[in-house]
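This is the structure I want to talk about, given as structure tokens.
Chain naming follows the written order as A, B, C, D and E, and within any one chain the residues start at number 1.
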């Protein structure tokens, strides 16, 4: 930093230097060919379409390896939330009550061995997603398909009757209840085809059978994945995927800081590389001051809202005054700083991310960003706790810094917080145990697709609360009026009106303060200098859209 | 000798089973729920139970352990129906995380850890022993003091500090070496070595310092032995006295140390591998920890224990070769 | 009369006053060495620092958990403002990037945690190891066989790996206690072996036989004849394992299975600072230096003690 | 001298020896796992020791002298056989039953420095047996000072540490400790062999004086035949765990009956060049065998110049060599050779 | 016999005449000082002696009197010590010779055996190898030849089945056998001088007798000069022609063996002889012990080291006592002995006459 200005990278004018490329693609149109390298500090959680339910992995899987009935548009900005048919010829035909949905498959869609993709294969994969051998996948099928209770997958030879395949290219889904947004769900990899002959159970994860533009050439778990062209993929059937590079190499298990350094330097083969994980805040100082590097920086919003969620079911947080005290005490700016600063995060004033508010969250409460400790004390006093309270917060190990900031800022108002960090693997299980968990948890929610219906009901519908394995509603918020309103909105067919209704409901819940929205993170990525056509896809949590990314000069890339 | 070997091997097996039992119990007593972890972010109780049953986590601990142990020797079949998997002879189960056989994962990562450990070992033996012996032969000289001050200091440096300094100095600033990236020895020996040079150095600095100190004191002790005096009294040249009579005896105690260290390292230098991002066993282990992948954790622990126990056995047997007084 | 002896002309070195026991001799010998003095000073400094952590940090005006947003640049990933990682009159050793917490306060409190764990673990290891070693060595036979097997078994454990595993699955426990216990669990066989060896050699000293002939029971022999003889090597060994313990604590914290945040410990500080090694080198250097100095001081001290107190080490 | 404080022993009738060892055997188990054979260190040893007398036990290294001595003070429990002290079999007593006997049975060791705890002052070393027997600390200290004086040490040195004394002085401390409880029998295991030649005589004289003054009985273990000759009344010669010859000193030295005793005596160099040149020597072949694998029959036969066939097969018993002679020999041909 | 097989040796002395005339080894004014933290330890102080071919010099003295230090100084084996004075092997000065030169003499012209054969033999090499290795170095002989030599030597020192035993390791030998091996090793290169530092102290009497006999036989066969170091007067009486008695690092007395034992000149020698219990004694009178204990070599008294323990000094006038304590006696010839004493027993008449 320099001595003159405190905010040396020019954030003063309110313009975020990291977000300069929001809504645009970097590097122009790519050339066909070359090898795109992806540098990753980890392995994919799952590439098996029945199990793939992590934003980034879904991006990778559905954009490169398999096609789903419907998919997202390949465009930067909020346009990316839009749907286009992929395997299907259209976005599906609902019955009048929106309980039966029919899709027809395109002609000429083939697997990597040249055999055609059939409706039975899609059904088969939907069935696979029920198998306890193949856990981890999206549960939309389980939630909505009729007659799915107790179904344990196709391994024992049993099949689901609620998915019908009258012919090879027609698939019909019978739902348990009306679901107008069903096409949004068919974007999930659950609705990708897997031919039964290729199914190897859990091992399928290590080599999914391709229906997309690329196929797996080799996959050494945790080390290296090589994708090469699937010659049977017909671009004519695909309006989304561009498949510019000839080959993709994912190098896994690298050190995050080394990835940052390599991409900042962008030397040799690294010029044709992109990062899988987000740029670490520590590297910001190497990126933001340098205009030449900043040019290669993407920082699309993840659309996930981080929240401090309070256990509304028991003291002291059963008292809305105490919850509001937390709301006021919290120094969101401190959490933001701990999270990497304003360049890589946006403060949150509402629950749903800005994309569900048409671009900007409303600020209904007008609480100062650094909090209002006096007001908080006042509220505590009113709640009969003039001496403050002591409580505990559970945070995933990766959120340690944020939790420390929460702890620090609540401490100012006399709310003494003890932090318990939990390994990411055990995090959901720990906070899902409603009986034994701490009073506060730090966790967020991302909408699966751009609709309030994938946010508010998941986080605030008291009917979804489970004693063990609870998810989403970690404030255990149970408010009849809210639930009633959610049902009403869910039944609306006018999506515009529904969106508005969700937005209003958001403010109403916020006033009751079951959780405190803190921030929405961005997904900063530095690209190699030879990368073209890259943008952060809003529906994939800001990850590069792998459908369109490619190289400026394929000759410069190396195997 | 055969009898001895047989007995020792039996003991080795016993130790491994004991270690497996302890590791198993620890994970049972301090539960993290792999079923919940596998189930994902939205998981119904029904599904959780199904997954738990599928993983065999609903059965009593001793049954799980018995299955595990028999599996190691006979292999076992996991799952059922179309998804049934036969896990062959040294069956350590399947990773919860990526459904690969733990044994295959270990064998896949072993070359990396072995390259790291063996290369570093060569380096640290060369550096450490030569420094130690030089210092011992010039006891109390300036060379001796300088070497020993250096050794104490180097031994006190945390690996991560040394590593970061090496990365900073040789990669970031000087740009002399690439960021380490494992290249199999068979593919390209030169790349293999140049990529591993830094991790080797980082590990070797620490161990070389320890070995220098150890070999110095051992060598000083040996050079004060009466048989060295005898060798000198016979008019043998100094070289012969030092190399033939001194070194062989002086380095024997180092053997024990070396066996233990190498045994421990073969199963992964967790910190070094994670600093340099080498896909070795240590890294596998660390990754498995953060995802609660118990079969892998157990597998790595057992492999590490096996290396240590076998290395100790090897050292003991080697002793019989080096020291004719040792007979089995 | 021919048997009248001449007065004992002391054959001991003239420099030492008559009536000085082995301990006094050892102390005199230690006092002679500069390395001992310097390392003692360093150790004392850090111990004082650890003991007086709250006082020191209140002197500096910052608590270790207090954020200082004004000291970092939020737009640069929270890089400290000012040169050398934000060293200033306000923050004596600069601040932590991102949060702006005072490094001096954290280092001082980190010393408390690191040393507390290391020293307590050492104490456990030494007590358990000495008890086991003496028992095995003195009573021999089956006791020895059982204890020796146990030692072998414990030594066969891939200890660091196992410690990491244990620490990472444990949730609702006092981390400091757990860490101490876990580190201690794997350390005792080392001490036990040293003690056992020493006990075995002492047990065959004639003065132990003399005590038995004099009617002393096992307890009396253990406490009066064996224990004092074992004490020298144990003290030396203890000093030498302290650095190992500090390093182990640091390694565990480094790997993220150490103490719970926001409690600082050196290893955890280093782990976090590694990411900033090039953007904010001071952040990395300060805790590393503390760790290095402490380990170095204990090692030097241990070396000297071993030279003086452990008869088996090759001192001429 | 303050010998008066030591209780005067009630001398038993001469027919009852103070100590009587019968057929005592000590077998040390081999190492675990049967990798080394058990060692029969002492094999059927019997002898008597009268009050106030000295029995010398000589033999080569490893023949079981120390083991025998240690069994008598019950540092070891004999595998078989009995040890009768003052009419009572002590060979199987437990630690508690032994405690009162500890007063009577004491031991002096070979290496004066290793037999003194380097971390204790002389006062503590000498007083320790007294404290164990229940004496008050002050009294014990006073007694320690007296004992120092009695053994020719300077009582002012009572607070010094062993390393501040020379070898001879340290051995005096060891003797003082043995005397502390007023014993009647002292097993002295090579008490002078670690001492300088010029100091040996001091200790020998001291021990003789103390015997006279206190009526002590000694089992005097040594490999130096000259010293044994000086201090003992009777001598027992051991070879490989067995006594091969035992008898009055004069007889044994003047006319050794066992070929081994003869060889032993003739092997001792005399500090007199003239006599040495004139001497006829019997040189034995080979080395003493290991007690772990003793030869068959008479264990001495492989080295014996007179060995016959019978020696290979039959172990000779210890028996009176000539009628009326206070000497027993274990040799098939002893009598024939010694008229 | 074996000597003929030996090639001409560059380090051999000039001619036969030389060896007849001068002693094989002559040590003059040898002083060895160890610098220690507590001050200099003068372990050997102005010691002189000579040994001729075929002769045996016995050096006796108590523990710490400097016997071993002397022998190591002759072999040039001291590392941390100051050695002054002259050590001449057949007229060739050894003190100050560079290590390389010295190495050509060590093991070749002069050899040494030590007290504890087990620790003096390398545990890791076969006995044959250890006997042969310096043969190869000194004569450049081939491995097979050197090995043959080793077997010959083992046979010569009386080890049965030498060919097989040559392939065994030291720990497989008994104590006496090991000492034989040491001797075989020392004599493998046909040295002229053998220094034996307490070669039998660790052995049993019966085995000691064997070893002493062996040394005597080999000495006779080869015309060796032997320096026999011991603290056992009996051993000296048996093997030595000439005896040097050391006390506190200095020579107390030197004389031919018969006269030394018959008529010692130094009160210490006398005391030593008197204090020894003897096998051939018949009276049981108490031993005449020498009071006190041997001196410390750190800060030695300026005068006679023995004077604090000396019965003659104790009986002498205060002036004489002061003289003994304050002035160092020279080694002076006295009735065929060399005695270093102000109150030599040979001048007994004068002392007695002078005092009363």
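The working rule: a contact is a pair of C-beta atoms (placed from the backbone, for glycine too) under 8 Å apart; a residue touches a chain by one contact, two chains touch by 3 or more.
Computed from a predicted structure; not experimentally measured.
Touching chain A and chain B at once are the following chains: C.
Looking at chain C and chain E, the chains that touch each of them are B, D.
When each chain is reduced to the average of its Cα atoms, A sits farthest from chain E.
A count of contacting C-beta pairs for B-C and for B-E identifies B-C as the more extensively joined pair.
Ranking every chain by how far its Cα centroid lies from the centroid of chain D, the top place goes to A. Centre to centre, using the average C-alpha position, chain D and chain E are separated by 33 Å. Between the Cα centres of chain B and chain D there is a gap of 56 Å.
Annotation: 92 Å between the Cα-based centres of chain A and chain E. The centroid of the Cα atoms in chain A and the matching centroid in chain C are 47 Å apart. Within chain C, contacts with two or more other chains are made by residues 2-5, 11, 168, 171, 274, 278. Counting partner chains per residue, chain E shows two or more touched chains at residues 286, 288-289, 291, 293.
Contact with two or more other chains is made by residues 32, 172, 274-275, 289-290, 292 of chain B. Taken in their complex, chain A has these residues touching chain C: 1, 3, 6-11, 17, 257, 261, 280-286, 288-289, 333-334, 336-338, 340-344, 397, 400-401, 403-405, 407-409, 411, 419-423, 426, 430. Chain B meets chain E in the complex at residues 225-227, 229-238, 240, 244-245, 248-249, 322-325.
For chain B in complex with chain A, the touching residues are 32-33, 35-48, 50-51, 53-54, 79-85, 94, 98-100, 105, 108, 172, 179, 181-182, 274-277, 279, 283-284, 287, 289-293. Of all the residues in chain D, the ones that touch chain E in their complex are 60-61, 166-169, 196-202, 204-205, 208, 223-227, 229-230, 253, 263-276, 281, 283-285, 287-288.
Of all the residues in chain C, the ones that touch chain D in their complex are 2-5, 7-8, 10-12, 18-23, 145, 205-207, 209-217, 220, 224-225, 228-229.
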